[in-house]
Structures are given as structure tokens and as C-alpha cells.
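Below, chain A partners chain B and then partners chain C, in two separate complexes.
So, the complex of A and B:
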């Protein structure tokens, strides 16, 4: 039962770290508001009603947004609202930010989930091919593909796809609708970026696993080449690969933003890019919290998962890839 | 006796960058891009902002090797001018992150005990906020622009360097030459500065090489979203944004910036891989800027 206890401690510590990171992220997002150039109330009103809002209207808007109260007080009340699941209201549309996010989250989850699955499948396939044929042409080919793919950022790949696949070949749509019918291209573009980052680390981990004593013993006992690769090397490498999956999730969050913009995919990313352009601070604050949460949960989750899968890591203190 | 500071995966290759084909290609591409953006504009002599409405969207020709855009501006001149802007901003982000990370990480390792615990926690917290998310928060509040973008990428970007620097410096402090320097009467701080920091910095430069390419991509991506360099100033992402509606009629407006971005990233990746050797060193930073 000692292992379970150590895991429990690690899980408790992870929850504490997630909470601390969220506090820092919220403080960061909030401390930026006083740096907003000019008066937000004036900026909102001049966008909404016209170039010269009246003094009373501005004062009313300031009171409505709570801008007339001290920053610390506003931060505490923001924290308590967030604690209750209320991300305050958009400055531009006056809609609750959580409602805006909920209306877009499905499309982004579909895109990101599909891309994640595609990227994992591609990485494992190419990683295995590369490691199995190490030093020979399949390896060279896979590594060259990875370097070439990593050199083309997702927004450029997306634009190239629009130009040459959608317009020239007539496959897919220029403006996507956020459903499975137009999912293929944006998901493939997003997945390519992630997979190209993953292939080389997985290859290195697989090669490492292939030279481990455990694999040598398996080979000595007459295990076939396929059995050595799939049963002995791959699970071993996947434990070390978990932190890279977490890093990939971080890349997925920001990558989705750009890919959604290229394909006009009606997800969170498009909403946030629009909010940043119009400096809709509550939406940006909400996104900062959401993205930080997703990233930090992925990385702490990967850490815990590695401890569950690999008993050797349970007693170790700080755990890092290699 | 020489005790190794760096473990197998992170060791510098004994043979040097030029002895691997990938390293040679990477170095050649890097020199090409650097030479292009430094010597290119004066050699070319074309004003990147000069509009000529009689030559809108003309294809590559002798006078305009990469064609002209929708305002009749020379695409090659804009690419080179934009490259100066992208590369110098990326250099500021990467070298700034490296310096802050080196100082924070080495300080944590030298302090040990409670000081290390506090700094280690700070590094962890900063690592939790992806650099691009911090950059979006900054740009979204302070307004779009290259300097706000650089500030935003620096805000948490140093943390990845600090974590690596801390780990390497902690191992470095246990080395025999540091011990003998201390026994000879040098203070801990001076011993670390003289014996640990140079080796740690050398490793961070390897990481920074790969990171430079990612930072160029991050800057171009955010500029493409309209959040970085603002038109009419040229930048690779901004050029793609501005000309987006004309790609079908004038494909060179898409292909030229796409090619220089790909060349730059490939150069830093190949160079970084050759410098790091066949390990995971550079890959550790990979997820950061990456998939933008």
C-alpha cells in the first residue's frame, strides 16, 4: 500500500500546484487591466454608440464594469465569481464569457480531439518505423519528414492547403462550419504540426528502450522482432513520452487558435482572436485561465500517469523526462 | 580527472557541427537567411514600402525577382526587410529568455535550500503558463504591436531556460573543479560564475538555437492574426495576412513568405539537432512555441 500512499501524496501536490498556477495566471490577467491604454469605458462606448459618448454614460459604464472600485477589491470579487463558474461579461457584447465559451467549446473540442488522435497515431507509426529501421532509409525518410513538417508552421500549412487542396483540387471548403463534414483538413493541418514535434523524441526514446537490458533478455528468450518492438520497447518508451504528450497539448491549444483563424473554424480560437483584436479584456482573461488550466492539468496529469504506469517513479521525488 | 557535467543525452558532440550532413545543411541555410536579411536590402536597393500602381500583382521578373503585391510593392524587398524585423525581434526574445533563465536557474542552484525551493516554485509557476497565452494576454490588453508581443513572449518564456539551467548547474556545483576552487578560497558565487555558468550557457545556446526558429514562427503566426507587426510595415506573417485575398491570382505572395519561414525554421532545427547530438535536449523545449 506504500505505492498508493505515495501516489496520493503526489496527486495532492499536483492539485496544489494547479491551484497555485491558476492563482498566478488570474493575477497576471488581472494586473494587466490598469495598463489598458486609455479608459476602457470610453473605448467600449465609442465602439458601441459613437465617437463621443457623454460623461454620464462613461461614468455609468465605469460603475457597471466596477472600474471605480480599487483594483484589489475587483480582483477578489473576480476570483470569487470565477470560483462560482462566472467569468464575468464580455465588454463588447455584454454576454457572459462562460456562455460565449460554451457556445464555441464543442467545435474546438472536436477539432483538437481529432487532431490529437491523428497526431498520436501518426507519431507512433512513424516513430516505430524510424526506430525499427534506425540508420537506414525508412529512418532517414521519417526524420526528414519530421524536420520538413516542423519547418512549416500550421498557419502556413493551412494557407497552402486552402490554396492547393481546396481551391485547385476542389476538396473541402474554404470556410468551415465546425462540424465533422469540414473537419478533415483543419484537423490534419493541426495534427501535422504536433506529430512532427513528437516523432523525434519518440524515436530517441524507442532507440533507448531497444538497447535496454529488458529488451536484450527478451531477445535472448527468442521474442520475435515485432514482439520486441510492440510489447517490450513501445510501452517502455511511452512512459518517457508522456511529458511530450503534455507539451503537445500546450501546442494544441495555441495551434488551434491559428488553424481556426485560417479555416474560419467557429471555435474558441476564433472567438479569442476576435476578442484580442477588439481588446475585449474579460474574454482574454477567461481564455488565459482556460488555456493555463488545460495546459497545467495536462502536464501534471502526465506526471501522475507516469507514476501510475512506472512503479520506479513512485518513490522518486521530482520527476523529469530522463 | 575530468568529471562530466553533462549526461549522455545532453553532451556536446565531439566532432562538431560541420561533420554531420544535417549540420552542414543547417549552417548553410542559416548563413543564407542571415546574409539575406543583413546584406540583402542595401544590395537590392529597392524600397520595400514604395508602391507602383502600374505594376499591381505582376509575377516574378528581372526587375522584381519575386513579383509584386497588390500595391505594386517589391515582394523580395519586403521579405528581406520583414526578415530583419522578425529575426531581430526573435533574437531579443530568445537571448532575453536565455539570460533571465541562466541567472534565475544558476542562482537557484547556488543558493540551495530554502532559496532554491522558492525560486524552483517560481520557475514551476511560470512554466505553467504557456508563453503564447501570456503573449495573447499582453497584446489583448495593451494593444497589438511588435514590442508588446516581444514583452509577452518574454514574460514566461524564460522559465523553460531557468529549469534546464537549474538542473545543469546543480549537477555542475558538485563537480571537482568547483570543489577545488572553493577549497582554494573562492566564494561559492565566484566559483559558480567561473566554472559552472560557462558550461550551462553553452547548453542553453543549443536549446536557444531551436527556440529561435519557434520564436520566428510565433511572431509570424501572431502577426498573421493581426496582433504583431502592423501594416504597412513588412513582416512574414503580416505579408501573408495582407495578401491573403490575392493568393489565387498571385501565388508568389503565398509561396515566397512560406518558403522563407520554412527555410529559417529548418535551419534552426537542423543546426540545433547537430549541436545537441542525437538526444532529447532540444526537444524538451519543443512543445513551447511550436504548434502556432
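So, the complex of A and C:
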């Protein structure tokens, strides 16, 4: 019971830290407005195909967007809106930002979830192969693949896939539709970048685990090599690996921006890339908050999960979230 | 096409008194077959939500919305209106076509147009000002609307041919209380294709079976958002997209040599690149230096290099074959050197000319990659005659006026060409008239101001053309603005649509759009 209570305290602290981080993120996101080059009113009006806007039209648009009010006043108003779950409206389409996000969140969740699962599966498979064959050719091959894969930017990998897999081989689609039918290639590209960053840390953790007393005892008791790897070393290594998974969520968010643009995947990443191009500040601000929230929650979640899984971390004083 | 445009220019009534002869909306291309095919179109302009129709400029490109008057290069012609006529200096009459309906079946009559105009004018002072600040808009018959403005206003017909004036069913629009996504499937516009479904990154349009202009060739359109130009080329190559609207000019490189991918460009160009000079700050305060600066820029090289060969070099503000043309810009390095010698600038040890201890440095303000390419290509020949061009990258277009006014120099800009509203006066005025959008310095020349004032309310095409040439002559004498190149809208197409005409006015899809064969 004491453990559960301590866990509750830790969870409460984590929630407090998340709230504080979100407050800082909201201030940073809001400070984007004056940092944006040029006048957003001009930028929005000049998106039109027609003649560029007059000074009166620009002044009218600035008033409509509230840009003629003091920054602090606008921030407090924004904070109040966000506090009520209202991410304000897109400057371009006048649609509520939360509505825009809701319409695209499913596609991004599908892509990110699949990529995460693929990346985990690939990392575990190659990490195990690498650790099991340490110093031999499977290990060398796995590490070379990891370094090579991490060195190729996702957009280059995406374009190569489009050129050679879709165009040359006729497999998959250039323009994806956000459903499982066109999911494979973008998910694979997104997963590759993350998996390649994960393989070497997992290998190191596995090698470390293979020399731990628990594993040595299991080996001494005659456990098979497979049992040693899967039942003893892998769970042991996964506790240390959880922070990397949390970091991977950050990679997923930034990677999704690129991969969605390359594959025209109709998710949040493509939405925000478009918003940057059009200087649709409320969408960018909303996405910044969303990305911060996702990252912080994943990070704190990984911390808590590590403590749940590892009894050593539940020792006195070890509950304070890192 | 250019010959056709010039003929139109020469014969059209430039100030907005439309021809009374009414033809079908696209009679020039009326030979087409009704098909059972859909087209897949890609654009980087698509938004997720439906925008307020009064702010919409894109639906016209998909054949969804239409205007009262259709813009052509340098002229306008009847579209939903048979004619828009100025009956007194402050009164205009809009004569509507008979039997035109919105896609939802409601008639486009005087009542609907009054309602639409009133909703449009609720958009604010800027919208009211652009229509001459109307004091009354009334139905003067079933198909006649009378607009009265507070002061004489010559551009009403041209304004109504602009992209921000699509005609729609304002009554239905008002019913959705700002939830514009609810307009999907409501058929608020009049065009051959109606928006029927919307999802992130994609819109679906169906053929308007009751289209007033005649049978529609395609059964519908699927419009996809593709923001990456390379992805657009790949999508056409893979057979997933038939037509890409207005890709960047550098797409021509990616498309070159790709089987099944065709890059075409409108011969008539609505987009012009040029340079504003500040004639009030040294060293460009000497007209001989400004002339030398213009003479040292090679527009042919810029067209070839900065627009990948798809742009056309200019010799004046308007193309040489336009009846409004006044050609003066040439590339002549010896003459540039002579002018600089006459102005007292002598070559220094590093080739940069000096005078009174000052170097012949000229700041060149640029705000995007296109202009960086233009300036980079212009720089070697400017250096060759002794200029020291300093390229200064600005954050955005609207960041230019301040350093340009303060420090002088040259500002590279692009402007929407003549034809966007059908009135070339508005285009030219943008650069030269005090208070207009591209007169960034601003340059104030009384001769130019007086000429524009003289032709502002004119309805005589010859008088307007003469006035516009006069303005260009004054510019050629004093070199406030240097024309560089022009480029038209572009299409990427697959084999089936490779012969599709490229609208110079961004009106890409119409009822005749269909695959070859």
C-alpha cells in the first residue's frame, strides 16, 4: 500500500510538472507571434491569387486578428481560451484549431502508432541479434544498418522510397490517404529513423544485462540461450530502455512532420507544415502545445513505468520523479 | 493565345463597359465530349476547412465558383452578368443573364445578387472601398441591379471580375452562422462542379447537372493537397494525379525527361518581376546612375537562370506585343560605363567605381529564393561596369520599405500582372502612384500622378492606352522601376491532359476540361 501511495505522490508531482511545462510552452508558443518575420496580416492576405492587399485591408485584418492589442493582453486572452480547451481559430480558414486537429489526429495516431510498433519490433529484433552475436558479423551488420539508417534524413529516405519503391516498382502510393491502405511506406520510413537511433542503446543494455548476476545465475542453472535472452536479459534491459522510448516519441513528432509532408499523409504534421508556410500562427501554437504535451506525458509516463517495473527504483527516496 | 489577347486588348472596352454580345461561357472551347471520367487535381493551396465564401479565391480554379465578369489579360468579358454598365459617374447597372441558377437550383436573379453584394460589403471598410463605397444596391428589375457609389467610381466592373468576388447564394451562407463546413453539399456557387465532400487534404466535386453554361465533360473532380513539388511530380508520374495547379517554376527541372509528365506554362503572364529604385538616396539619386544600373542587368540571363527558361524577358512594364507596350529596357554594358563616367564615378583599384571617396555600392533587398536567384544572376554584370551590389536578405516582402527608404538602393519585387482585374491602369499604378501597394519608396512624380488622375475615370481605351504609355515614358526617363521578366501560371499534367489550356488567369477547370480522346 505504501508503494501505491508513493506512486500516487509521484504521479501527482508529474502532473504538476506537466502543467508547469505546458504553461512555459504556452508562453513560448505565444511569443512566436512577434518573432514571425513580417506581418501575419500581410502574409495571410497576400496568399490570395488576386492583387496584393491595400493598407486598409491589412489594417482591417490586423484588427480582426487582434494584432493591434498589446501582447500581454493577447497572451492572457489566449491562456484563458486554452484553459477552456479552446485553441482559438485558424487565421487562414477560420476553423477552430481543435476541430482541425481532431480531423487529422486519427491519421497521425495511426501513422505514429504503427511506426512506434514497427520501430520497437525492429529494434528488439536487431538488438537481440546484435547482442547475441556480439563481435560477430550479425552484430557488425546490425550496427552498420543502425548507423547508416540514422545518418539518412527521413525526407531523403522518403523521397528514395517514392522514387524506387512506388514509381519504379509500382508498390504503394505517392499520395497517401491517411488509412491503413497506404500506411506501410510512410510508417516504415518513420520507423526506420527511430529504430536506427534505438538499436545501439538497446544492444548496450542487453550486453550489460547478459553480464548481470541474475542472468549469470540463470545460465548457471542451465537456462537455454533463448530463455536467457528473452526471459532474463530483455526485460532487464527494457527498464533502462524506456527513457529512449520516451525520447523516441519526440522523434516521432518531428519525424512525422517530414514524413507526412513527403507522402502527403493528411495528418497533423502536414497540417502544421502548411500552417508554417501560411503563417497560420494559431495552428502552430496549438501544435507546439500538443507536441509538448505528448512529449512530456511520454517522458513522465516512461519514468513512472520504469519505477513500476523495477523494484530497485522503488527504494526509499527513489520515487521523486526525475 | 498572345495574339488573341492582344486583339482583345485592342478592341475591348478597357474600363469595364462589357460587350453586349453574349456567348456561352466558354464558347471558344465548346467542342468537347461528355465523359464518364473524373479528374484528380493537386494543389498546394487547399485548406482543411471551407473558408467564408466572401474570402474565397480558390474555388473558381476548380470550376466551382464564377464571377459576374470573367477576367482576361487586360480586359473583362461577360460571365454571370451579360453586362455591367456605368450609366452615370456614380451609378452602375448589372444586367444578369437569364436562366442562371446556383448549383442548388435557386435563381441567380437581382434579389440574389443584391443579397450577395450586401453580404460581401459586410466584410468591412476595405471591401466597401474596393467597390467605390456604395450608398445603395437595389434590384431595378428581375435581372437588373443598380449600384450607386458615393463618388464617381470607374472600376466597379473590373473589381467584380476580381478573385475575391465569387458569386454565391448569400442566403444559404448566412444560414450556417459561420460554420462554413456546413456549406459542403449546399451548392452555393454557380460553376460546373459543386463541392460535395470534404476531408483533410482532399475535396470532392461532382458535376453540376443543371449547369447554366451547358453540358459538363467530367463527372467530377478529386482535389488533393500536395505541398511538396517533388511529390507532385511523382504523383503525376505514378498516375495518381492528372493535373497539378501552378507548381513552382523549378518543377520544370524535376519534370524534364520524366515519361508521362508534362510541364506547360501560360503564354500570357500575370506575374512580373521588377526592381524598385529609390531615386532620393545616393548613389541612385543621379538619374545617370539609375540608367546605368538598368543597362547593366541582363533580363535574358535572368529569364534563363532564375525562371529556368520558363519566364519571358521584358523590355517594358508590359510585354512588347501588347498595345500598351513602351519598350525601353535594354542590356548595354558599354553605354552603362559611359553613363557612369559622365556621372563622375571612376573605376577603383578593385573594379568598383568611386566618387569623392565613396564606393558605388547599391543595396539590393530580396525576400525570397526567387529574388536571390535574380540578384545573383544580375550581380556579375553590375560588377562588370563598376557597381558593388550588396545583397540584403529580408524576412518578408513587407520588411522592405523601411530600409529602402532609409538607406536607398534597389528592391526586387514581383507584382500581379495586368489582367487580374482586367484593368491595366490598376497594375501600372501599383508601382508609380503614391499610396499604391508596390510604390515602396514611395516615388512621387507629379507628371505620373497627373496622368493617372486624367485617365482614372476614362472609358476610352485609346485614351487609357496613351496615358499608360505616357507613364511608362516618364519612368523610362527617370528609371524608378526596372522591368525584368514575366512568367505565367503553370500546369503539370499527365499524358491525357497534356493539351489542356493553361489559363493565364488561374481559371483552370471549366465545363470543357476533359482528357484527350
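Note that the second predicted complex is superposed on the first by the 282 of 322 C-alpha atoms of A that agree within 3 Å, B and C clash if a C-alpha of one lies under 4 Å from a C-alpha of the other, contacts with A are read in each partner's own complex, and residues count from 1 in each chain.
FYI, contacts are C-beta pairs under 8 Å (C-beta built on N, C-alpha and C of every residue); 3 or more make two chains touch, one makes a residue touch a chain.
Being a predicted model, the structure only gives us computed values, none of them experimental.
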Quick one: is A:261 in contact with chain B, with chain C, with both, or with neither? Answer first, second, both or neither.
both
Dominant toucher of chain A (residue count), chain B or chain C:
B
Chain B versus chain C as contact partner of A:177, first or second or both or neither:
second
Which holds for A:92: it touches chain B only (first), chain C only (second), both, or neither?
second
Between chain B (first) and chain C (second), which does A:272 come into contact with in this model arrangement: first, second, both, or neither?
first
Identify the partner contact of A:216: answer first if only chain B is touched, second if only chain C is, both if each is, neither if none is.
neither
Between chain B (first) and chain C (second), which, if any, makes contact with A:21: first, second, both or neither?
first
For A:167, using the defined touch cut-off, is the partner it touches chain B, chain C, both, or neither? Pick first, second, both or neither.
both
Which of the two partners, first being chain B and second being chain C, lies in contact with A:159: first, second, both, or neither?
both
Look at A:103 in the shared chain and tell me whether it touches chain B only, chain C only, both, or neither; answer first, second, both or neither.
second
Counting contacts the way the document defines them, which residues of chain A are shared by the two interfaces, the one with chain B and the one with chain C?
37, 159, 162-163, 167, 261, 273, 277
Which of the residues in chain A come into contact with chain B in the complex?
17, 20-21, 24-25, 28-29, 32-33, 35-37, 147-148, 150-156, 159-160, 162-163, 167, 190, 193-194, 197, 200-201, 204-205, 244, 246-248, 250-255, 257-258, 261, 272-273, 275-277, 279-281, 284-285, 287-288, 291-292, 295-296, 299, 320-322
The residues of chain C that touch chain A in their complex are 42, 45, 47-52, 57-58, 61, 124-126, 129-130, 162-164, 178, 180-181, 199-202, 224-228, 230-231, 234-235, 237-238, 240-241, 395-399, 415-416, 420-421, 426, 430, 435, 437-438, 506
Touching chain A in the complex: which residues of chain B?
9, 121, 124-126, 128-130, 132-134, 136-144, 155, 167, 213, 217, 220-221, 224-227, 237, 240, 244, 247-248, 251, 254, 257-258, 261-263, 265-266, 269-270, 273, 278-280, 283-284, 286-288, 290-292
Where on chain A does chain C make contact in their complex?
37-39, 42-43, 46-57, 60, 64, 90, 92-95, 99-100, 103-104, 107, 159, 162-163, 166-167, 170, 173-175, 177-178, 261-264, 266-267, 270-271, 273-274, 277
